[in-house]
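Once you've had a glance at the structure underneath, I'll fire off some questions.
The first chain written gets the first letter, and so on, giving A, B, C and D; residue counts start at 1 in each chain.
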Amino acid sequence: MTVPRSDSPLPAVPSGSPASAASSGAPGADPYTADEMMTVAAARRLRGGSCFVGIGLPSVAANLARRTHAPDLVLIYESGTIGAKPERPPLSIGDGELAETADAVVSVPEIFNYWLQPGRIGVGFLGAAQIDRFANINTTVIGTYDDPKVRLPGAGGAPEIAASCREVTVIVRQSPRTFVERVDFVTSVGFGSGPGDRERLGLRGSGPRTVITDLGVLEPDPVTCELVLTHLHPGVTVDRVRAATGWDLAVAADLRETEPPGPRELAALRALTGRQG
Amino acid sequence: MATVVPLAEAVGNLVRDGDSVALEGFTHLIPYAAGHEIIRQGRRDLVLIRMTPDLIYDQLIGMGCARRLVFSWGGNPGVGSLHRFRDAVQNHWPAPLEIEEHSHAGIANAYVAGASGLPFAVLRGYRGTDLPSRTPNIKPITCPFTGEELTAVPAINPDVAIVHAQRADRHGNVQLWGITGVQKEAVLAARRSLVTVEEIVEELQPRPGAVVLPEWAITHVSEAPGGSHPSYSAGYSVRDNGFYRAWDGIARDRDTFLAWMDENVLTRKAGR
Amino acid sequence: MATVVPLAEAVGNLVRDGDSVALEGFTHLIPYAAGHEIIRQGRRDLVLIRMTPDLIYDQLIGMGCARRLVFSWGGNPGVGSLHRFRDAVQNHWPAPLEIEEHSHAGIANAYVAGASGLPFAVLRGYRGTDLPSRTPNIKPITCPFTGEELTAVPAINPDVAIVHAQRADRHGNVQLWGITGVQKEAVLAARRSLVTVEEIVEELQPRPGAVVLPEWAITHVSEAPGGSHPSYSAGYSVRDNGFYRAWDGIARDRDTFLAWMDENVLTRKAGR
Amino acid sequence: MTVPRSDSPLPAVPSGSPASAASSGAPGADPYTADEMMTVAAARRLRGGSCFVGIGLPSVAANLARRTHAPDLVLIYESGTIGAKPERPPLSIGDGELAETADAVVSVPEIFNYWLQPGRIGVGFLGAAQIDRFANINTTVIGTYDDPKVRLPGAGGAPEIAASCREVTVIVRQSPRTFVERVDFVTSVGFGSGPGDRERLGLRGSGPRTVITDLGVLEPDPVTCELVLTHLHPGVTVDRVRAATGWDLAVAADLRETEPPGPRELAALRALTGRQG
């Protein structure tokens, strides 16, 4: 396979290389990795309000947003911390700093019942092991349930985050193993099998609005609910994204290029992750 | 009426082969010391219940204590997979492991129902996912007022709940703070309960964010300083993120795992 | 996103004729000042919701603000009856008062359902009592796992919830402590909410037993020092038991009541 | 009517008077009122464990028990205070001292759902405006519901206290207006219409075990569930109790006399209520 493994970051794309020259512009601008582009692009989508943060990539991006353009963003973790302001993204969703810096710490039943379930929270921010054409997410098993090829961690808070947040942002590295025609297991519902399914199921949030990858940005077509490529990250081609997608990916008529990470964004991100620029 | 007894005695009194046992603690205050004592006492056929089975359940499963796991997220938080859990599910080593899989919201509400003396809980959850097709005890329920269809899960009432807390007084009243997770619900839902604590103090002082469990709602309290390592006890210790990362290497291989358990858990018995 | 505004403006913005309004506070932190402002603004046809309608609801009812009362215990705690409530029920003065009557457990769970975005709550309650024959929205519900019959009540989602708290910061984050009752649930269940506070401080300091409501879950915050009198705000005031006893004499007679309200509530408007 | 009004205490029964000479014994022993006898008799029934305390008479008796023979009695109030140790019985169930002296203070939903409902609490201690042959309690209306003679406060916590505590003690002054053949409204279930009703209704506590009045003590017959007079307070006759009961009251074969309040009991009670001896 030529696609990167989903658990290893892509190599850095140096500024001026064919991959990013078109947009990063200024000579001497910091080189950045595809993961950094992905994280910055995801952070930009968080504009304010409240965000129910999954662990891993979502947590880094949400913390980056709070450090840059969205200082009032309210971070909510399923461990029960509301308004956490960690100095560094936590390794687990229950690190002590989350509780120490939170506006309020509530029990786990309360965070799901009083805060998530009623649709009080603006953005649900999720990762995925597989995602399909209709933005359904699998974090349970690769292969069959009874005899899995890979047993993944499972649902956690994701099914109800995907159901109840007013909208959902997904952040996931793109590859044909990850972007599949149909997920092996629906852990969290995107648009089910298409238009009207969320309403039929009684899911009250509007579902995934944005899927941000290391290659670009996908958004659901407002009519068909199918994911469509709407942005390419600098230096990435449509062919490369289509090769990394397990279905016949539609491309938006007005396909745009993502603004590359600015110096302030990169500095803030690297301060968070501890990576040297 | 809680009685304060040594950990080995508490586990010996409370945990029997075949029991359903919930060790809770949501990333914080995970009762590792008690889990290790269950392993040392060689319990078998346990139904292990836990929202987030992490390293301690990886250890219990890898040591062959469990026949069934009820859970909602089984991973090494921030690191990756639980290799012993995966090996049991994928390869039935050291024994087959039945699994009953939920979402966090589902298990949290099942504990709430258990703590509340109700046979079931209602939530907006699971709908449209494949979980109900694999977990038969997730059922639809219709609102008698609006006709809307929601989801019901049966109450969880473990035979034994085990949690770790910062403090208890000599009577066995328990105080925990920080991220308090689902511990109150697990203890109140269980038939018997054990709380391990960092220390036993003369008197509990009120603290911001503290949950107090009165002694008459608990069976045993045991002093187990450091008993949540490698998780943490806010105010007493910090999370040993290095150990969580190291566990990935230890647990990946069966022999390495067994050697580690032998050295760090089994042979520590005498020392206690 | 809470905005901090004067009390008269907050009540004016939030409470409209015909609204369902829950003023909560379980004997502690009862929002008297806000209730008086509703009376001064002359609201009518309100559906008043409250577990324990006490003197403030006696006043609202006696001043003709309410068309319906949803409640579980309507008395003057430790003293006796609410005479204005009784006069409205028994003699329809000053207007007929519909009542919807529950138990504490029923209303508390209805608020929990409301705060949780569920259409109903399940409890072991009401069974064998005459309440379901008088309160049509108490219905049986069958456990889908055990077949056991329990009781369902519909969620309460008031148009407006009003509570009193000790403190808020300038952003409108609210902190209350002591007996915290059902206030969190009432605020989270409501479409709009007002929290009156003893004082607005620069920064909220963590306190034992404190409940914090983040500003983004609240509509308005208003400073109303002493706003819970004759109930109390732990840390700021003590319950004026003498006034509760005196109210029995004031409220027993319609004219005495009206004179008291005129002197102590209506004509104080200008002073604020 | 010759019976005392239910809201006015009986006059004190002086020691040595016919009403109490038989049992109070020692000349010069403190005189005590019928209400004091009732409260002391009720307190004696609380031996330890936990007690869900209604306001008014139950609260005084429960606090008296904690001050005398049951110092470890855990008092639980519906305001959410667990293990309250008030210096004086509170006027309301939400007085500040309850919270300040409690082992734990929880929300009102929690006290009902996590503590009362599962049957964790030993004794439920209730008052009544009416009580009937099967110990059903009315605190809702006298007369008809739609056109009541007296509108009472209503249910409060009582229906679920009566359903879920392992057993129930009722304290109520006795008169034919209060002890009625059938309550005007069943606010809280005792034994319904007789044996088997609690089980049919799914009520998990065992129901009222003792009804303590200003005249004596009534207990349900283990077979018929009907209240039977088992104790007379000193100086009270069976005829007087029957005259104060609105049904044909059964009397136990081994009817006994209540031990009068001892000096320590009276002193503790008066310290609580502020009454001078």
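The rule is short, and it goes like this: contacts are C-beta pairs under 8 Å (C-beta built on N, C-alpha and C of every residue); 3 or more make two chains touch, one makes a residue touch a chain.
Note that the structure is predicted; figures quoted are calculated from it, not measured.
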If a chain touches chain C and chain D alike, it appears here: B
Distance from chain D to chain B - Cα centre to Cα centre, in angstrom: 42
Cα-centroid distance, chain A relative to chain B, in whole angstrom: 29
CA centroid of chain B to CA centroid of chain C, Å: 39
Sequence positions of chain D contacting 2 or more other chains: 113, 117, 164, 204
Residues of chain B engaged with two or more neighbouring chains: 112, 117-118, 123-124, 148, 150, 184-185, 209, 211
Pairwise touch network: line, ring, star, complete, or other: other
Touching pairs - complete list by chain label: A-B, A-C, B-C, B-D, C-D
In the complex with chain C, residue positions of chain B that touch it: 117-124, 137, 139-141, 143-146, 148, 150, 152, 154, 206-210
List of chain A residues in touch with chain C within their complex: 49-50, 74, 82-83, 103-104, 113-114, 117-120, 164, 204
Complex contacts: residues of chain B adjacent to chain A: 26-28, 51-52, 71-75, 77-82, 85-86, 89-90, 101-105, 108-109, 111-112, 123-131, 134, 148-150, 178-182, 184-185, 209, 211, 232, 234, 238-239, 241, 244
Chain D to chain C touching residues, read off their complex: 7, 55-56, 78-81, 90-96, 98-100, 105, 107-109, 112-113, 116-117, 140, 145, 147-148, 150-160, 163-164, 185-189, 192, 197-198, 201-204
Chain A-touching residues of chain C, taken from the complex the two chains share: 112, 115-118, 173, 184-185, 188, 211-214, 216-217
